[in-house]
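Next come two complexes, and both contain chain A; in the first it sits with chain B, in the second with chain C.
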Partner chain A sequence: MRMTRMAAVVAATMVAAGPALADSLHFPMLNYRTGPFAPNGIAFADGYQDYLTLLNERDGGIGGVPIRFTECETAYNTERGVECYQSIRGDNPLIIQPLSTGITYQIIPRATQDGIPVHSMGYGRTSAVNGEVFNWVFNYPATYWDGASVIINHLLAENDGSLAGKKIALVYHNSAYGREPIPTLNRLSEELGFEFLALGVDSPGQEQRSQWLQIRRERPDYVLMWGWGVMNPTAIQEAANIRFPMNNFYGVWWSGSEQDVMPVGDGAHGYRSLAMHGTGTDYPIYADIQNYVIEPGLYAGTGDEVGTVLYSRGLYAAMLATEAARTAQEIHGTPNITAAMMRDGMASLEMTEERMAALGLPGFGPEFSVSCQNHGGSGAAMIQEWDANTGTWNLITDWIDSDREMIMEMVMEDSLAYAAENDIEPQCLERSGG
Partner chain B sequence: MPDTLLFAMEAAVNGLAAGVMYALVALGFVLIFKASGIFNFSQGVMALFAALTLVGLQTGQIPFSHLINAIFGTRLHHFGFTLPTVVAIIGTVAVMVAFAWLVERYIFRHLVNQEPIILFMATIGLAYFLEGLGDIMWGAEVKRMDVGIPQGMSETVDDLTFAWFGYGFFVDTLEIWAAVIAGLLVIGLVIFSQYTKQGRALRAVADDHQAALSVGISLRFIWVLVWSLAGIVALVAGIMWGAKSGVQFSLSLIALKALPVLILGGFTSIPGAIVGGLIIGVGEKLFDFFMQPIVGSATENWFAYMLALVFLLFRPQGLFGEKIIERV
Partner chain C sequence: MIYREAGDFKTSYAADNQTFPIRGDRIAYYMVLAFAFLVMPFVINDYWANAIVLPFLIYAIAALGLNILIGYCGQLSLGSGAFMAVGAYATFKLTTAFPGLSIVFVVLLAGLVTAGVGVLFGLPSLRIKGFYLAVATLAAQFFLIWLFTQQPWFYNNSPTGMISMPTREFLGMPVTGPRASAVNMYLLCLVFVVALAWLARNLTRGTLGRRWMAIRDMDIAAEIIGVNPMMAKLSAFAVSSFFIGVAGALFFAVYLGAAEASEAFGIEKSFIILFMVIIGGLGSILGSFIGAFFLIVGPVLLKLLLVDQLGWSTDLAAHLEIMIIGALILLFLITEPHGITALWRTIKEKLRLWPFPH
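For the complex of A and B:
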């Protein structure tokens, strides 16, 4: 009798526990809403969470399965990011988006071991484009090396196809992130004949006078910036102080948000940056966000970041993640997917204009498809320019392609060296058996 | 004159200007350490909090609006009016004085006669509390600091140096103003400490707090006074650094710039904070200028702490600090 009762309890527990695991899709968020980089982290986190909330409220999740999202605070600190990963990995996460290049580097070997896909969208290790070496890591739609190449291609177009004799300076955050574009720019300077000057800035970047005095002395034709947090507005202010022409100052996509230009006021007018997606609320999806998320009071944070650049980036990251989940559901014919199935979805993701339009985001991101050989998307980006009078970013170009042939050469070189160091046999991963 | 010398002179002048900005932060540390022996870890966060409060008052932001909205489902953000800069500054000073009173009343009154390390740990806790309070009270978004101080290249310095050397030096007008304000601040502090009753009481406590107590000076009043003064210095530093980089949470990290200045100038000397700031500022700019081609850029933090380390080896009390002699 006692055994029968115990068996019943066990059976009831299993019934109760079973659906709890299967009936939700876990999308963890490694956010930073505190610390010196919080202003940037909050906007991204809000956009990401609002998109997931929209899918839950409007569609009942993905393929009928509700989305469960959890937050872990990293404060943009690598050690805390790794701790977050350790706390999440046992909770059936479908995807990890570290939101930090430093955290990404630390998580790559762990996530590969655990079989959890990592998406570092426009950051992280560039050579993860080679999916034969980095089976579990994706960095679509573009990488830092693409970013550097896109700016140079844009400058080539502005200079009748030649940068010979020009001088280009890079002001970079003195970290793994900031140093990422240097190999690409070194190589492009050799190929295209421009002089390249790299100027590092100590973190967090509040004091940059030496670098900008040097820029004033050297008189480069263009200045590029790979900055983050307080480094960005400080650099834009310093550029305005020395009267460097803002139209010749280009930031990467992490140096092109409202947070970077607003503190500088009119001095930032004309500053340009890369854009890997559209921005603003002129997209049909915002009507649904208003109806299903904002009006019922389900918005993340304070709700005042909607439509900003970094909110849009969080929204885009969530959209790409959920589209990969949808793809995985289609591939495997089941709505209840695992992390391994999610990886298959990411490896087969196709973002077309038709699909983005259907999602209410026409023209929001580049069209691209992911393959085993290319986890990095199309590499295309646009250029946006800040209008201080209206307080808006305006896109001034269409999608500009990067020099993918050159970048793939560099990707192969770096990724194969990584494979050799880590005893990895480059090969495509078989799809999960389900 | 050779170009290299001119460029080095320009770097040195800018180093002096940067040094003043560092000294503004260091002054707050010195005031509290001199009067109470507490190394105030929260000085950088006080600068952030003061700057947040000033901008919040200027722009008519409703304090704790995010919290109120989250609890009551309201959409409050601003009162609908703005305050003149002078009124906002007076309001911020009042907030910093109230903060000083609260710190004395609820923290340090209970920690009298504790070990310095305990007091230091209390200021670490205070720093984290104040940072969180600033976030909840005013929000985490980056704000623009505009108190009417001009910013950008000084035409006067450019024209003068061009007339003298044939090369116009760059100096930021904001930093010229920072130097003037720092000078006035030091003069004000000296006048206060030399010629007022409260100032003399403060010096008495700094010299020997046991003796000061025995002649009827209230230690509690002195602590409120000195934390208020440090709050005002933090406000000045917050205005200057906020105008330079925007008011955001990394503003609290300017405290890291003050540490080598304190080691160099001494923890107990106001002139030491100024001179230490100038040495660090000029040193790091010249080091970067001459060594950048060899070792690359981004050496400023490294150089400042290396110089401080060298000073520690040869003069642990700093240039102007009091030598501590303990008799057994």
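For the complex of A and C:
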């Protein structure tokens, strides 16, 4: 009985504390600083929050309107994600970045109904590239299918244009996330004539002895990995244990951060992964971050993630989100934008080299522009290699393009099937009137 | 003073055997029902419905189901998560194959499918008992989840293995999918909860329930007095799985909207439902509700208190939440090994004697 009374009190205060402050731009964060995926989630969350803090401290927000950010802990758990989404949707959020493919799938129909744009940067539902079906969902600058295609294109270049007769294995997190690249790789294996082997690892991924035993038996030429959280260092350790050549082991961009290779030590030397943006503190923006965020002690978390791969990714996600907000302010001529205006900003976002240089991030990400037909950006990515001696990730290629023609064909197939299932008439959304 | 049976005379066997023999209890029960059906739909907001009340109701059904199996029939099961998955995937397959079929029938059919699967995996219970049976049901957990993630037929060949619930209407109002309003979803789940709790209560105090309890207390003695152990055990598995299947169907269709077998219905689901039953009270209908409340609503309320009210950082609150819930579980199990309902029973006894303790 006491519990119910307490619940009633909490409920009453919840209702009383309802409406949010006006004149601020709300950027909610769905983070995970706990659970088996925390090592990766923390770095991303710190980068995201530090960039928003920087804009607030240095520029007073975006277009003079301060940024308000809130945090909700999901622990990478879809049920928690639902709870978080429900708790922020009434609070005028401008953009939702779930940082989990599973949560993204759940949020897509709800956010579309509520009119809140979703940005799943380099994760989530790949077919959301088709903006005519997924009006409110964006996944620029690249998707999982792009990632798979980029790795294969890189391998093609390394093998003089032919992968015929090669054997390529995929070690994947056995979830919606890990299974995303399989259709692409299946298709590419038919087209290019390599043998494809998919090996699922159950979440969270600490137990993968049998998968690596199978790899040792099958002797694939290359191993690709779609892993996250504790699965990454475990896989790299297992690969080192069976003496698999690290130069032939490629991770997606979510499997290539310091947290993944550091625990393995020297064994991880030469491990490669995709990179959708630059890494390290050699960008001019870090001088400002040092001055406005770190020295006054306003940094998120403990501040020891600055400059790591996933910190940079959080920074990049925040930068793309705030740039979209800035674009929306320009389009609508008002600094106080709504979620619908934010969507317009995202739908006509244009990232150029000049713009990135002006932001203090020259050459950080790919140049791309968003259109109704393409919510997925350029699809290009680079390959980076881990140097265990110096403890740095080095980029070993320039931007590699993906096979967009084939991917768009698959995107159309999947997105139109979704549209038919959910009675959606594919069409571009008009700009909001406000 | 108020809460006692003095003056509440029973003049028939039926009156003497009713579920709530004390008038105070009866009034409280009808008031709770009236509140749930007549007041809640008008005051509930989206956040409370979607984040707190829906999961509570759905987990209460699952806990009721497992309580029938463990608490009443004494058969330990660790396969509840997988049985929920059976309910969810049956719902998905049925509703995509027959879009015109009413969602209520789909959920009930999904329950029946799960009952069939439950009987199949309950067969080992005829030979093995206790922890060994738990291991056998654990096999169900892993096998079924493997099936649902590996066989594309179950998820209609979607590239990621996710299943998504399309919008379905009941009496002209959407109850699943993004267009469903919180009130509709709440009422749908509430009707299922009330109907199934009523069914569970009446099954467990009838012939079938007495058979189950006889098997639970001593199966050899039960066989000697004429209880067929095969029928008793398999019927317990069937009824229990039906409940859990309905819970899984609602969990997927109404609450989550999209699900993936290994993530949404993993082994931790089996454990959390088991904990609900143990903490709430084995062999008690009320206990299933208390257990679900404690493990589902408790963490959310703690989060609201720590993060939204006290303004603590989310990661600290998340860690504290695990510690507090864990400590409370230990505390309750040490002070009241028979679950929170036993505590409630003691309070009731004390209340009836109050203000004269002896």
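Going forward, the second predicted complex is superposed on the first by the 412 of 434 C-alpha atoms of A that agree within 3 Å, B and C clash if a C-alpha of one lies under 4 Å from a C-alpha of the other, contacts with A are read in each partner's own complex, and residues count from 1 in each chain.
Here is the rule we go by: a contact is a pair of C-beta atoms (placed from the backbone, for glycine too) under 8 Å apart; a residue touches a chain by one contact, two chains touch by 3 or more.
All values derive from a computational prediction rather than experimental measurement.
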Practice task
Report clash or fit for the pair chain B and chain C bound to chain A in the combined superposed model.
Solution key: clash
Exercise for the section: Once the structures are superposed on A, label A:Glu83 by its partner contacts, choosing first (chain B), second (chain C), both or neither. Expected result: second
Practice task
In the overlay, answer first, second, both or neither for which of chain B and chain C A:Gly200 touches.
Solution key: both
Exercise for the section: Answer with first, second, both or neither: which of chain B and chain C does A:Arg33 touch in the superposed model? Expected result: both
Problem - Partner chain in contact with A:Arg110 - chain B first, chain C second, else both or neither - result: second
Handout entry: First (chain B), second (chain C), both or neither touched by A:Arg355
Key = neither
Exercise for the section: For A:His269, decide between first (touching chain B), second (touching chain C), both and neither. Expected result: neither
Exercise for the section: Using the touch definition from the top, say if A:Arg243 reaches chain B (first), chain C (second), both or neither. Expected result: first
Handout entry: First (chain B), second (chain C), both or neither touched by A:Asn174
Key = both
Practice task
Give one of first, second, both or neither to describe whether A:Arg216 is in contact with chain B, with chain C, with both, or with none.
Solution key: first
Exercise for the section: Between 115-123, 277-285, 295-303 or 331-339, work out which stretch of chain C sticks into chain B after superposition. Expected result: 331-339
Exercise for the section: Mind sorting out which residues of chain A both chain B and chain C touch, each in its own complex? Expected result: 33-34, 38, 42, 174, 200, 202
Fill in the blank from the handout: chain A contacts chain B in the complex at 33-39, 42, 174, 198-202, 204, 206-207, 209-211, 213-214, 216-217, 229-230, 233-234, 237, 240-243, 259, 262-265, 267, 297, 302, 304
Exercise for the section: Using the touch definition up top, name the residues of chain C that touch chain A in the complex. Expected result: 45-48, 50-51, 55, 96, 149, 159-162, 164, 166-167, 177-179, 255-260, 262-264, 266, 293, 297-298, 300-301, 303-305, 308-309, 313-315, 317-319, 322
Handout entry: Touching residues (chain side chain A, partner chain C) in the complex
Key = 3, 6-7, 10-11, 13-15, 17, 31, 33-34, 38, 42, 71-73, 75, 78-79, 82-83, 86-87, 89-90, 101-102, 105-106, 109-110, 112-114, 125-126, 174-177, 179-180, 182-183, 200, 202-203, 414, 421-423
Handout entry: Residues of chain B defined as touching chain A within the complex
Key = 7, 10-11, 14, 17-18, 66, 69-70, 73, 77, 135, 139-146, 151-153, 170, 172, 241, 244-254, 257, 284-285, 288-289, 292, 296-302
